[in-house]
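Starting off with a structure, shown below.
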Amino acid sequence: MGKNMVFKIIFNIFLLLLIFPLFIILLWSFTKIWPWPDLFPKAFGLRGFQYLLNPSNNSLRILGLSIWLSTVVMFIAILISIPAAKALGLYHFKGKGFIKTLILAPIVVPTVAVTMGIHVSFISVGLANTFWGVVIVHLIPCIPYSVRILTDVFEIMGNSMELQARILGANKMQTFFYVTLPMLAPGLITAGSMVFIVSFSQYFLTFLIGGGKIVTFSMVMFPFIQSGDRMMASVYSMVFIWTTLLILISVERIVKSYYKGENYFYL
Amino acid sequence: MSQIELRNICKKFENKRILHHVNLLVQEGEMISLLGPSGCGKTTTLKIIAGLMEPDAGDILFNDTSILNIPVEKRGAIIVFQDYLLFPHLTVEENIEFGLKMAKVKKSKRREKVREMIDLVQLEGHEKKYPKELSGGQKQRVAIARALAIEPKVLLLDEPFSNLDTRLREIMREFICDIQRKFKITMILVTHDKEEALMTSSKIAVMLDGEIKQFGTPKEIYERPVSSLVADFFGEKNYVDGEIKEGIFYSIMGSFQTGLHKNGRVRAMIRPEEIEITPKGNIAGIIKNKTYAGEKIYYIIDCNGKRLKCITNGKTFYNIGEKINVYINFDNIVFFER
Amino acid sequence: TSRDEKPTAQITAEDWNSILEKAKGTTVNFYGWGGSQKVNEWIDNYVSRKLKEEYDIILNRVPMDIDDILNKLLGEKQLNSKEGTIDIVWINGENFFTAKRNGLLFGPFVDDLPNYKKYVDTESIEIKYDFGFPVEGYEAPYGKAQLVLIGDQAQIVQFPRNHEELFEMVKNNPGKFTYPAPPDFTGSAFVRNIIYDIVGYKQFMNMEADKQKVAEVIKPAMDYLKKIKPYLWQEGKTYPATVAQLDNMYADHEVFMTISYNPNHVASKIGTGEFPTTSQAFIFEKGTIGNTHFLAIPYNATNKEGALVAINFLLSPKAQASKYDPKNWGDLPVLDNGKFSDEEKKLFHDVKLGEGVLPQDILLAHRLPEIPAHLIPIIEEIWQENIPVEGE
Amino acid sequence: MSQIELRNICKKFENKRILHHVNLLVQEGEMISLLGPSGCGKTTTLKIIAGLMEPDAGDILFNDTSILNIPVEKRGAIIVFQDYLLFPHLTVEENIEFGLKMAKVKKSKRREKVREMIDLVQLEGHEKKYPKELSGGQKQRVAIARALAIEPKVLLLDEPFSNLDTRLREIMREFICDIQRKFKITMILVTHDKEEALMTSSKIAVMLDGEIKQFGTPKEIYERPVSSLVADFFGEKNYVDGEIKEGIFYSIMGSFQTGLHKNGRVRAMIRPEEIEITPKGNIAGIIKNKTYAGEKIYYIIDCNGKRLKCITNGKTFYNIGEKINVYINFDNIVFFER
Amino acid sequence: MGKNMVFKIIFNIFLLLLIFPLFIILLWSFTKIWPWPDLFPKAFGLRGFQYLLNPSNNSLRILGLSIWLSTVVMFIAILISIPAAKALGLYHFKGKGFIKTLILAPIVVPTVAVTMGIHVSFISVGLANTFWGVVIVHLIPCIPYSVRILTDVFEIMGNSMELQARILGANKMQTFFYVTLPMLAPGLITAGSMVFIVSFSQYFLTFLIGGGKIVTFSMVMFPFIQSGDRMMASVYSMVFIWTTLLILISVERIVKSYYKGENYFYL
């Protein structure tokens, strides 16, 4: 029991470390004055939320668009990643380790360096300044995350269950939907969450390809953070974080409820 | 409703040959057993038939048509694996229903079939459990039910009863045999239980070291094994080396009249149950060891320095050290040439 | 060379009315920094509304940093894409120079603007040059900024009037002053201002980019900064990375002074409640650095007419006065006082100066020109070599 | 070298009780078998003893000391699981070596021990393989070798031979019994092979529905089962309902003299091997079915409408439909009250 | 076999998509002039590499420091993540899904918003401008990645093998080193790689906490990218990418060779 207590304490400290910053941000989003050594703000205000909710600057509409955009990116990224991850996870071929690393390159390649070329090509195929252009460009830094994570899952999971399904008469599609997908569930949630976050936070790529036609929430948030207006930065961060968390939690819930039981993997 | 033929199947793993020119012909609707020591290649053979592995050489024919290029799900050969491979994300019910669902059977029919299977494998009350919540034997039963639910043409069973208690095992065995007969399923059963093999199958294939050493009816295999290795497969035997001259078998235990007319150095195979302890016996011996096994008792008897294993029914008892006589009818004895 | 490539000469030939006509019912995309709530609100509310009412133009503000805008335009230029999304861009300094050199801008256009001709002192150095770069009509002035120091009167009795007084004050109040480390824009400007205060500014105006030469000239200033270092916040071992951070430290009463390149900053910060109401802007006797920010039109703007109309509106006394109002933004006007009618003068006169803000005339009287842009990185480098940050 | 005592162990899974006041006392160095139908709670019991699960109630004592709060690795109770749980990242050799390495045994000694174990479980040539490259029986042997290598005080075996062929199974069984005796290991064996249980263990516990219904020597259990449920555990039986009046058993098959002196409605349990087909028999019957099983033959005989299962040795044959007489010695019959 | 061809073709296209941008960057790093519609550069030059290799601007020393820093971050992140991931992956408790999402918050919380407070606290405990200060601040956005990835692995893997080790007499430490760690290997490589990349690319946090004292490669690279000097940007990106890839490949190799066999998980 003593062991359990230690675990609980550590766990709660951990939790606190996670929640504390969010709490501070929440506090700041209402704070007018908070002199240095004071433990609590001296004066509160609603300037930030008033601005956010003011229809003239479209913040909420932009938020909606961003959620939609990142959700689309999430789905497409997952769709592309599953076959790629499966090939990497299950088949053996020379240079596999190298390719598994290379796949991370798009995260590393400082987006700017690549976008030099990308922007030009997007203009030439008419994707610049369009929703789908932004979706495609978001996929670049997102896919490495989902591919790598799902590769791991495939590696550990193997394909014995898929084979079993085939034996029982399932064709490829059925195998995919009834076996592969549900068994991937935990990996899908993680990969999907990360893709959503990476896409939702994309700032530069959206600027470049969206060209101001596609404006996302991080684009309106970032300047406030940079300018050091703590109240505004906090209000936007708050909305940003909670939106993301809410969406990720719904993703988790939906996937879990769709595939019922959790942790059915191990003994 | 398929005839299965294996032609010269070979398989290597990392340059170690596992299967070596395996030939096997299973008639439509026939049920055969595949026996062999652990690691001899039984599972590998089944996997190759089902299409989970490609053979390095040779061909597999279903009804005289090669199926090597037919995908797994089209072969209609269902395997029940040694390690079950239940879908961890589906309940017992859903696992059993899986094949039917894939075949797009109507829901009401599926329900009915699942109910029926669950009753048959005696898993009422466990329908909603996930595989990880089942005991070993329960998992095994789900695997069997899942395979039978789709009434396959070809059924490959890899030690399907190994984790079941005697009673269940008998029930399941009978039940499978019934279905097999009813639907004329072509079936290969891998088992380590010789009785199971002898009782259920119309033919038995004995596999040793990746080769099929003998393939025949249970009676043939049991009574006329081609080698002592094959014979060993049906329980421990006594082997007595000696020589036959003009029908008489000379050995350390004495000399005995046989029905044979050949000469030469031979090894006599005497089954423990062929040794009868009786005052009328023609060989003298001393009880060296005794093991109680319920309906029967195992004795080890020293006859002239040769230790013989002997099984008797549990009705009469002899004590260790007791001097007894044993009777062996050498007319029925199998001799192998040495 | 950009002059030769002047893309659309025909617009200039049209008369203003037809431009107004063409601009009707269009959308103008205004790209620029979006980090200030007040500025955003002023554009979204006042400018937007007025343009709609008076010219039937919809203004769409897009918050985008100038670096990103330039990258975007460079890419489009490479393909010679004619269908840009930006109609107006808020720009100045080196970015303007880059844009102009790469032919990213449309122009010259300022002479087409009635309000430019009517109200702007076209010969003023601050209008003709932008950080030492000739403007040549490729950008229209938008507003003026000037470096000011901001102090808390509740803690400082007498604001320092030059670098020596600053030193005395800091020495007497150790730990209560600091400045953002260059290359922070404001921090860098503060260092330049100290240099001006110590060695004067004239010699820099056409100095070449020779590090040794510059180092020699500014040595007294560097010595001063070294001397003051131990009395700074955290004993000068570390500096705030951005002016935003310094502002926040000031707001939190950790230090008693902050610096801003926007003379009205103090008022808006008092307005939002971040700064204490006792805050007051002040400048050195010898003056402080000022610059002008501008509006330009990208070469591939699809609504150049709308852009011209919008820029013209922004150059109107009405708009400039509204912008000058600290309640709205508080940016210094770029129009020439001498060209106003009485009515127009009244517009500016009626603007109630924000709390703690210095009046426009005092500022203009103590305004020093910016150092040529190419010298700035050299000075920043020298600062970094001389005033080391301490750490491990 | 540990005495194991379970006291009133209870365990529930999701409010379904699995173990219900299980009491069991295994003496130091004793080897007992735990028998029971699939899903009755055998594995759960072993897991609780080893410390992999906490009981909901009750106590476990090793040498009269409660070990509930002792961590798994200090209990010294080794389980060989039904599903092996070999370390997938270690080779056969390394798997077997694992426990020794953890106990910080010297390398040379470890090597030696591993060699020895590999020889004993007959896995020469497979030392460098990973578990996924092994056959079912090979995995099982590695699991056994891994457990035995560390010479545990308490050894819990969960159907350790289920995937081995008869020959290997006998070898392994003997080998484990040897070790058990030599090192006085306290051992609990879960098995579905009644012969295995009867032959190897000094006591047998029969578990049904999470309760231990009978705990006694093999002879006791076999000859004097406390209920038909327990009896069923050792193969299918014939049950004949009837009534005893003054020592005579009246039933559908006729009336027979018994050695009993009680009256009342009873159920006679007649083992298939207790029915002898002989012309001297006291009951007439007809052969209804016949199954060949090598050394023995199973018959189903209809006696007055009551179908009896009967096992004979394979020496004499009767055909289906043949009229025969059977002899049953009712002196040895077990009667249960109804 | 036709199926195999299709697979190979798709695979190679995929590979090309990964390698092509790297190739373009390589080309740019030697390119003086490359007029738009031309397929190849018109003039080459070595200005970029000369600058990079010029000892006076310390690029290589900075590169070394960056590698060291990110490696340290990688190790610490992994060390912290393993127990956290284990708790999340194996134990069941209320609100687990929520916490699994919450753990991603530090990626979402725009680092800047948090750093508002962090910088000041770092200064007050003397961590600002120090190596360890930077390491700690890098951990914030890195740990979510490693925790989530390892959580998945733990979830799928279960703890049966760990229990088996305990049964065989391994104490907790031994279990960890001989069973948990090697079985985690694929997840460790992925998590480690991502942490390395995220840390190696950190720009703003390093700048803020390192205070110019701790200069990393991304800090010297970024201005070039921003200023649009494509040759310099490409040279630095090149070095950046290849360093990362090399290190990740070595990580992969080392882990794999240490834990021998690959893909030993499935049948």
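Chains here go by letter, A, B, C, D and E, matching the order in which they are written, and residues are numbered from 1 within each.
Here is the rule we go by: a contact is a pair of C-beta atoms (placed from the backbone, for glycine too) under 8 Å apart; a residue touches a chain by one contact, two chains touch by 3 or more.
As the structure is a prediction and not an experimental result, all values here were calculated from the model.
J.: Using the touch definition from the top, how many steps at minimum link chain B to chain C?
T.: Each step joins two touching chains, and the minimum needed here is 2.
J.: Starting at chain A, find the fewest moves between touching chains needed to arrive at chain C.
T.: Step count on the best path from chain A to chain C: 1.
J.: Which two chains meet at the most C-beta pairs?
T.: After counting contacts between each pair of chains, the winner is A-E.
J.: So what's the Cα centroid distance for chain C and chain E, whole Å?
T.: 39
J.: Round to the nearest whole Å and give the separation of the Cα centres of chain D and chain E.
T.: That pair's centroid distance is 55 Å.
J.: Mind checking the centre-to-centre distance between chain B and chain D? Centres are C-alpha means, answer in whole Å.
T.: 20
J.: Give the residues of chain D touching no fewer than two other chains, as numbers and ranges.
T.: 83
J.: Specify, in ascending order, the residues of chain A that touch 2 or more different other chains.
T.: Correct list: 112, 116, 120, 160, 222, 226, 228, 230, 265-267.
J.: Counting only residues that touch at least two other chains, what does the list for chain C look like?
T.: 71, 78-79, 245, 248-249, 254
J.: By the touch definition up top, name every chain pair that qualifies.
T.: A-B, A-C, A-E, B-D, C-E, D-E
J.: Which residues of chain D touch chain E once you look at their complex with the stated criterion?
T.: 50, 52, 71-73, 76-79, 81, 85, 87-89, 98-99, 101-103, 130-132, 146-147, 150
J.: Would you tell me which residues of chain E are touching chain A in their complex?
T.: The contact residues of chain E facing chain A are 7, 11, 14-15, 18-19, 21-22, 24-25, 28, 36, 84, 87, 92, 97-110, 112-114, 116-117, 145, 148-149, 151-153, 155-160, 186-187, 190, 193-194, 197, 200-201, 218, 221-222, 225-226, 230, 233-234, 237, 240-241, 244-245, 248-249, 252-253, 256, 263, 265-267.
J.: Okay, in this complex, where on chain A does chain B touch?
T.: It is residues 160-161, 163-171, 174, 178-179, 182-183, 185, 259-261, 264-267 of chain A that touch chain B.
J.: Quick check on the complex: what are the chain B residues that touch chain D?
T.: 13, 35-39, 42-43, 82-83, 126, 133-138, 140-141, 158-159, 162-170, 192-195, 198-199, 218-219, 222, 232-236, 271, 273, 291-296, 298, 311, 313-314
J.: Okay, in this complex, where on chain C does chain E touch?
T.: So the residues of chain C in touch with chain E come to 67, 70-71, 74, 78-80, 98, 181, 234, 237-239, 241, 245, 248-249, 254, 384, 389-392.
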